[in-house]
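Chains: A, B, C, D, E and F, in written order; residue numbering restarts at 1 for each.
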Amino acid sequence: MALLNRIFQVVNGMFPAEVAHAHCDIPCGIYDPIAAKIAAQTVQKMVVRIQALQQPAADANTGERASYVNTLSRYIQVKEEHAQLCKKELSILWTDYFRPDHLENHPDLHSHFWTAEKLAGRNKQTVDLDAAKELVSAVDEIAEIFWSTKGVQYKDEVAEARFGT
Amino acid sequence: MALLNRIFQVVNGMFPAEVAHAHCDIPCGIYDPIAAKIAAQTVQKMVVRIQALQQPAADANTGERASYVNTLSRYIQVKEEHAQLCKKELSILWTDYFRPDHLENHPDLHSHFWTAEKLAGRNKQTVDLDAAKELVSAVDEIAEIFWSTKGVQYKDEVAEARFGT
Amino acid sequence: MALLNRIFQVVNGMFPAEVAHAHCDIPCGIYDPIAAKIAAQTVQKMVVRIQALQQPAADANTGERASYVNTLSRYIQVKEEHAQLCKKELSILWTDYFRPDHLENHPDLHSHFWTAEKLAGRNKQTVDLDAAKELVSAVDEIAEIFWSTKGVQYKDEVAEARFGT
Amino acid sequence: MALLNRIFQVVNGMFPAEVAHAHCDIPCGIYDPIAAKIAAQTVQKMVVRIQALQQPAADANTGERASYVNTLSRYIQVKEEHAQLCKKELSILWTDYFRPDHLENHPDLHSHFWTAEKLAGRNKQTVDLDAAKELVSAVDEIAEIFWSTKGVQYKDEVAEARFGT
Amino acid sequence: MALLNRIFQVVNGMFPAEVAHAHCDIPCGIYDPIAAKIAAQTVQKMVVRIQALQQPAADANTGERASYVNTLSRYIQVKEEHAQLCKKELSILWTDYFRPDHLENHPDLHSHFWTAEKLAGRNKQTVDLDAAKELVSAVDEIAEIFWSTKGVQYKDEVAEARFGT
Amino acid sequence: MALLNRIFQVVNGMFPAEVAHAHCDIPCGIYDPIAAKIAAQTVQKMVVRIQALQQPAADANTGERASYVNTLSRYIQVKEEHAQLCKKELSILWTDYFRPDHLENHPDLHSHFWTAEKLAGRNKQTVDLDAAKELVSAVDEIAEIFWSTKGVQYKDEVAEARFGT
């Protein structure tokens, strides 16, 4: 953390407090793309689970069928909700955090967000592992831009541990 | 990340997949205490801002007063919502993630959560920087327990960068 | 109601107002475990209905199948939402109402809540009448503890009328 | 409970299951006006607290003023939310539970609900103890009608214990 | 718009501002039945889509079946949510906008709302194009009453363009 | 409506159904910028009311002060919620309705949305009638683009009647 703190102090030194305040939204929220990332990974995990779920056998009884539909519809619901949450978190970053001076440095900022939010929408409409992985990547790219505006090198070190087995 | 991955593989090796699955809630959500941490930090930031907000002068006009109340009540509202969000995220960890075998290894698990959630409640009721910092610490302690159950050393490296100036 | 009022006055007499106020959360909400009970009973009723729902015949037309899926997925959704509501109401009681002095008198308080909230989670994941009945019982046990702290004998006299036929 | 059960069996005997089912909404929810009652009592309690809250002295410091506004705006917010919840719960009873045959027996049913929901709205707009008590009474009258349709004599025996001191 | 403006000025002239204010709810919201109309049309569109959705063939693979259930359950969910939204928007009009003097001029006001809200409920429970069309019509009738109280002739000119193909 | 229908038929003729379907999001929602417009107008109305609200006199009693704070904080809350709703409705249009081929015809599409959503944010942070009017105009410009993609001439004929006096 020592290195990171040092980088951060340098960055702070470059943008004196009063200037930062001039640009700053009130209330200065606490922004972190990790919320969008977790949502995107949850979408991916649900796709994995939906695709792995065994259909009940042809001679399954009512209880087995009800259990199957219960599980499947919950996976779909969780996928839906987290795709929506991902869109919402991205939307907060786009409209509340990013400012015109960020746009100058990242002229493709709008495209990044439009693409990522449309991918979230596609993941609602489909059960498609590639689309889910694309969403996770698109969020990671935005996270990289976000942290670069704060002079921090982005790394999601626990991404795999979070996703689990 | 190489080291972390290696640790994670060792941990995975210790708990074979089928055993893990036996304990595993369906749907295996994606859990991460970072959501509770961000919410707790937002509470802290709102306390800082509320305490720094200047009251309008005695001879302020209606517009200045309306603007003051608008800002103050929004800070209070954001504090309220994120204290609630913090409780909700903690509650998900307590009831969905942690299992009886975790409780055996961490016999004070329930106390940790009760204390942290009560702190979230206290931060709703007060404007108290110490209470806010205690909440952040209580969430950090839970995060440490959480990650220890996955064999990962907890570190929130961007805590300061996220909190901002 | 006369008897109940008398009991209540005695209880009030034992804890003078100013002492009660010292322990009291602000804002002193209105707590009542009946909200968790109704939610738990709704979960149970949905399980009954899901298990009673007839699948469409093999030669059913599209309209009959759509109607079946519409009904089934709504039952599952209502079960999900009320299991979640049950957890939320229990969580409010645990963190907002119960205080350290209650814990002294009921050392298994945390276990009661952990068990009940985990049962709510299990009822989301399954379609299991026994699990639903266990949830209703677990909430009733908490309601008994709750009302005992107010010196009131707990009875849900309209439980059956509410559940209906 | 014996008497109540007996009454209930008689009532059930009068409306054979298949007839009841013919009128019954799917999914047959679990209706109970107690949710609206608790919400109305919470509104009343908030009015009591708002009216009892002491303004900070003229020479109060910023911390005392912030604490005062925090508490006052939370009371107002809780009043607002529970007045809204009361409306929502009443609306569910009016549109989901009550049927045309109930309306025949209670021709003033619509007026009861319109009045009660408008009272909930008035309690949002004002800080008025009489309006709050009127709302509680209006909900009680609806509860009486509700339980009469089930052949149950309505009594909220813990109303005072719930309201607290 | 000239004609409409003129009509509106005449109407305003008939109800002087101070009188209007005396009746007026605080805060004078912005009411418009178009929100209920859009919700009702969305319900209708979902019914059309559900009925047009092709079931997977008997020999469809798991991916095709998952995709089918994903789409079907999302249509049902959207239908559910917009039927609920329609009820909520109608409820706002009934309790917040309409006043006793409106009821005098439209003695069947309560019936209009009860019918429309019950239709919204029926559209949740069924997949029935006639019920959906009835809901749209019932909302249109309420919209006509609403605008007549403002002296405006109701016309939803883009109803078809909004519904789309 | 005859003219409008004719225009609509022509437009439909230009984009045959199967082509439209190829571009079409599933589920083809019902999009209409009027929801964002109503939200924006509500923001404007709240600003008008906040600015017109009289502060209590220096010697006002507690009841008058409580009533004042109740009203003011409710106006601020309604402003907040509708500014947020406006952002949400704009976000739906941007990510769900508009497609790459629309962007080609309206290369400043992203700027329109970013500006309008940032204006919604500014209206949360301030009590500023000019900012509120700018938001209404920004939504109107987006509505014009939206309807032009459907070959419909945009006009909000009841804008003034909706805003009221």
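Here is the rule we use: contacts are C-beta pairs under 8 Å (C-beta built on N, C-alpha and C of every residue); 3 or more make two chains touch, one makes a residue touch a chain.
Remember, predicted model here, so these are calculated numbers, not experimental data.
Counting steps between touching chains, the shortest path from subunit A to subunit F takes 1. The set of chains in contact with subunit D as well as subunit F comprises B, E. We define each chain's centre as the mean of its Cα atoms; on that basis subunit E and subunit F are separated by 18 Å.
Averaged C-alpha coordinates put the centre of subunit B at 34 Å from the centre of subunit F.
Residue positions 26-27, 71, 73-74, 77, 125 of subunit D are each in touch with at least two other chains.
Checking each pair of chains for touch leaves A-B, A-C, A-E, A-F, B-C, B-D, B-F, C-D, C-E, D-E, D-F, E-F.
Contact residues on subunit A toward subunit E in their complex (touch as defined above): 50-51, 53, 55, 72-73, 76-77, 80, 124-127.
In the complex of the two chains, the subunit E residues touching subunit F come out as 1, 4-5, 8, 12, 17, 20, 26-32, 34-35, 38, 41-42, 45-46, 49, 71, 74-75, 78, 147, 150, 152, 155, 157-158, 160-165.
Those residues of subunit A whose C-beta lies close enough to touch subunit F in the complex are 25-27, 87, 91, 94-96, 110-111, 114, 117-118, 120-121, 125. Residues 62-63, 65-67, 69-71, 73-74, 77 of subunit E are the ones that touch subunit A when the two sit in their complex.
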